[in-house]
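Have a look at the structure below, then the notes.
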Amino acid sequence: MNRATFPHRFLPWLLVLPQLLISLVFFYWPALQAMWQSTLKEDPFGLSSKFVGLENFRKVLSDPAYLNSIKVTAFFSVVTAFLSMSIALLLAVQAEKVLRGKAFYRTLMIWPYAVAPAIAGMLWLFMFNPSFGTLAWPLRQMGIDWDPLLNSGQAMGLVIAAASWKQISYNFLFFVAGLQAIPKSLIEAAAIDGAGSARRFWTIVFPLLAPTTFFLLVVNSVYALFDTFGIIHAVTGGGPGKATETLVYKVYNDGYNNFLLGSSAAQSVILMAIVITLTAFQFKYVERKVHYG
Amino acid sequence: MADLGMVGSSKRSRVVAHIFLILGVLIVAFPIYYVVIASTHTLQTILRPPLPLLPGAEGPANYGEAISGGIGRIGGVSVGRLLANTAIVAVGIAVGKIIISMASAYAMVFFRFPFRMACFWLIFITLMLPVEVRIMPTYKVMVQLHLIDTYAGLILPLIASATATLLFRQFFMTIPNELLEAARVDGAGPWRFFKDILLPLSTTNIAALFVILFIYGWTQYLWPLLVTNSNSMNTIVIALRKMISFADADTPWNLVMVTAVLAILPPVLVVVLMQRWFVKGLVETEK
Amino acid sequence: MATISLRDVRKTYAKAEVIHGVSIDVPDGEFVVIVGPSGCGKSTLLRMVAGLEAITSGEIAIGGRVVNDLEPRERDIAMVFQNYALYPHMTVFDNMAYGLKIANMPKAEIKARVDRAAGMLNLSDFLDRKPRALSGGQRQRVAMGRALVRDPAAFLFDEPLSNLDAKLRVQMRLQIKEMQRTVGTTSLYVTHDQTEAMTLADRLIVMNAGVAEQIDTPMAIYDRPANVFVAGFIGSPAMNFVSGTLEAGHLKTAGGQRIALPVPADQAGRSVTIGLRPEHLQTVDADHPGAMALRVRAVETLGADAYAHAVLQDDSTVELVVRVPGARRLSEGETLHVVPDADSLHVFDAATGARV
């Protein structure tokens, strides 16, 4: 049936106007600017610019630093998503088993969601600070040369830990919701068919969780790509060297600190393409009806 | 087995589950616990690892100094000022987003007007244009509009939210046609229908969204970093970053810890106290 | 209180006309029921009177005032919806009072009106409840109460009983009729249920495919349906139809069988559809003159009555339903002899479907 509506003609425009205006001024205009800028080459003082077509893209895509950044981002995203999702799934499955204290565990588990990524990074750096971090101290005692500010592998490990830690809450809540949506009768039927508890998990529960898992995979990729900027900026500043320079950090650094406007804009456009792909993917393929009981 | 009908949840497996969960909680909560403990110790204690696992006696002194006195490293701005800034930004973003997205969703669901679907798509596509992909041009716009170092600059660009609009749109579409028609027969126009019927029916959705958006606003990083130069306009998250230098010996770590606790506490309280709406909001905004 | 009049009202959706020029005059205080199958346009017509749908052409007047371009609230009408459309977050009192509050009526007056309506509808004990704490029947009464307190020029009912169970429906039917008699407000009532229509209506409008096929009192429509559609729609169980050609003294069916009928001489040779109501077929002995021999295929026993579904013994393409007293035990395969009640015979032109 058709939606019942009010007959007014002018009023609805007034109502959508604020959001349209903000979208146009702060989203569309800058996005178009980024696209335009990505085809321009500016002199170092920003005094003149000329149209160079796809030159900036060619440069960016053949720049070893950019390729390195892609590798860093891919590694960081995959490991972060995998870690935070598997820990969250493990905990969610355990939370479904216990009879008492579910609410208590959940309450304690959701804290990190409220912590800003940058602060999450700083918290982990406090704990693992080479000079006074309480958790760095035993590492040093064991003779490990622990210094995430100088050692690139350790720096990557630290930002991954912080990023994964922060995302556990989110994934946990969605996995709990996903688990609760699985009909108990299916699991009981499998038990009657003689499946043990591990087998029940891998043959019944895990496949039925696929929509949730798939959805979280997309969300976690977006998170690792964009929302972790704060962690990188606050903890490593992309370093040591360029060991933790993710794509977003590089856009920021090249544009805001190094004034490589054309290159930064080209990188922005590439990122835009990535977001559009991910969003399209999410809307097209991901079953998005996850219910929380 | 005395299993209360739960397949596969024997007493032993429940004990194992509890152990896992306690370990999980320890991992999840420890960093926060650590910083809370650290904030109650002297600078000297903090710099001499390992840190005691129990609170020290310096709590009142540290908190007093951070809140009332200015912190030298960030230009003498007090933590109180930073908290106020952040609260204004977080509440401004949450309330602003809710108002403009409710208005546009209301227009799109309950009215028919030319270019309605075009408006919908214009709003929808902003989902794909996060700040991160348009850093420099957006910064330029802010400069041109003289919005650097203003609350408007911190808030306005973040309140156009496709997600919130989509959520309200989805909810409004579940309102039965007859409810609108009954209201019209009862003599209600668009404003009365909104105020007397739609708004009361939306309260849970609004509360849920408020929690999510408050957190979103409070934890912003890249945006405040771009549009604030003055220390007195910083949010607490940015200020905290500025206070720290890991290479430098004279970072006031005890005050850093206090600031970190104060930066974490408000959103954590909101999430924990409004847990029911938080979970609902989280799961529904992503639908 | 007021008259309602529709003059050649039409409605077009995306070039398809769904209401093809309906004209009705409802006198003050009358209870008019619009009945028809789903999709016939009856709800659209009602919603056009309410002002919830725009009119493509024609004119609607309430109380002598043309309301074509008026908002629903300016038309001085009240409406009862199929799913009641109660405001879920308001109490029963507030639901009933909402329209009055919008009209800025003084509080005391609102309270007096709501209390009076609640009394009439046995809702006085539920005024503080929210709709979800009420049964289906109670919700329905609240929806009526909301219309009642407004004291409008006209009540509009859009299938208000179709969400209730059968027993409650009969009960509410009587209550609606009683309420309308008491307040005497002009009412327009839409339903697809012909029993409901027959029992409620002062006057009935039978609609089909966007056209008002017949407008008359229920009994007049039952006795003299204007065409095949109306004849088949009104009456339960439905009228039997037999097509064929009229000859002197009988109807010749397509299968070549002759059924004895009192045919006027001037109609001989005409192709027609004959309508025979199940209750107008008399069971007779086999040797009764003109008796049709039927073979019983199935029997529905209702208690007081039974309905025999039968076919002509010599032409099984002709199916007839016959009402017989419940006491008479029929069994499948049995032969039954009937004659049509001469006074209740309906003859329709085979080509146009119109009554001859």
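The letters A, B and C name the chains in turn, as written, and every chain counts its residues from 1.
Please note the rule applied: contacts are C-beta pairs under 8 Å (C-beta built on N, C-alpha and C of every residue); 3 or more make two chains touch, one makes a residue touch a chain.
Note that the structure is a prediction, hence the values are computed from the model and not measured.
Compared with chain A, the chain whose C-alpha mean position is the greatest distance off is C.
With centres computed from CA atoms alone, B is the chain lying nearest the middle of all the protein shown. The greatest number of inter-chain C-beta pairs in contact is found between A-B.
Chain geometry summary: the mean Cα position of chain A and that of chain B are 16 Å apart. Mean C-alpha position of chain A lies 62 Å from that of chain C.
Annotation for chain A: residues 4 touch two or more other chains. For chain C, residues touching at least two other chains, in rising order: 52, 71.
Across the assembly, chain B contributes 178, 181, 184, 189 as residues in contact with two or more other chains. By the touch criterion given at the top, residues 1-6, 8-9, 11-13, 15-16, 18-20, 22-31, 33-34, 37, 87, 90-91, 94-95, 97-99, 101, 105-120, 122-127, 129, 131-134, 136-138, 149, 165, 168-170, 173-174, 177, 184, 187-188, 191, 197, 200, 215, 219, 226, 229-230, 233-234, 248, 251-252, 255-256, 261, 264-265, 268-269, 271-272, 275-276, 279, 288-292 of chain A touch chain B in their complex.
Residue ranges of chain C in contact with chain B, taken from their complex: 47, 50-52, 71-73, 77-79, 81-89, 98-99, 102-103, 146.
Only residues 176, 178-179, 181-189, 192, 196-197, 200-201 of chain B touch chain C when the two sit together in their complex. By the touch criterion stated above, chain B contacts chain A in their complex at residues 4, 6-9, 13-14, 16-18, 20-21, 24-25, 27-32, 34-35, 38, 46-51, 99-101, 103-104, 106-113, 116, 119, 122-123, 126-130, 132-141, 145, 156-157, 159-160, 165, 173, 177-178, 180-181, 184, 189-190, 193, 215, 218-222, 225-226, 237, 240-241, 244, 246-247, 253, 257, 260, 263-264, 267-268, 270-272, 275, 278-280, 282-283, 286-287.
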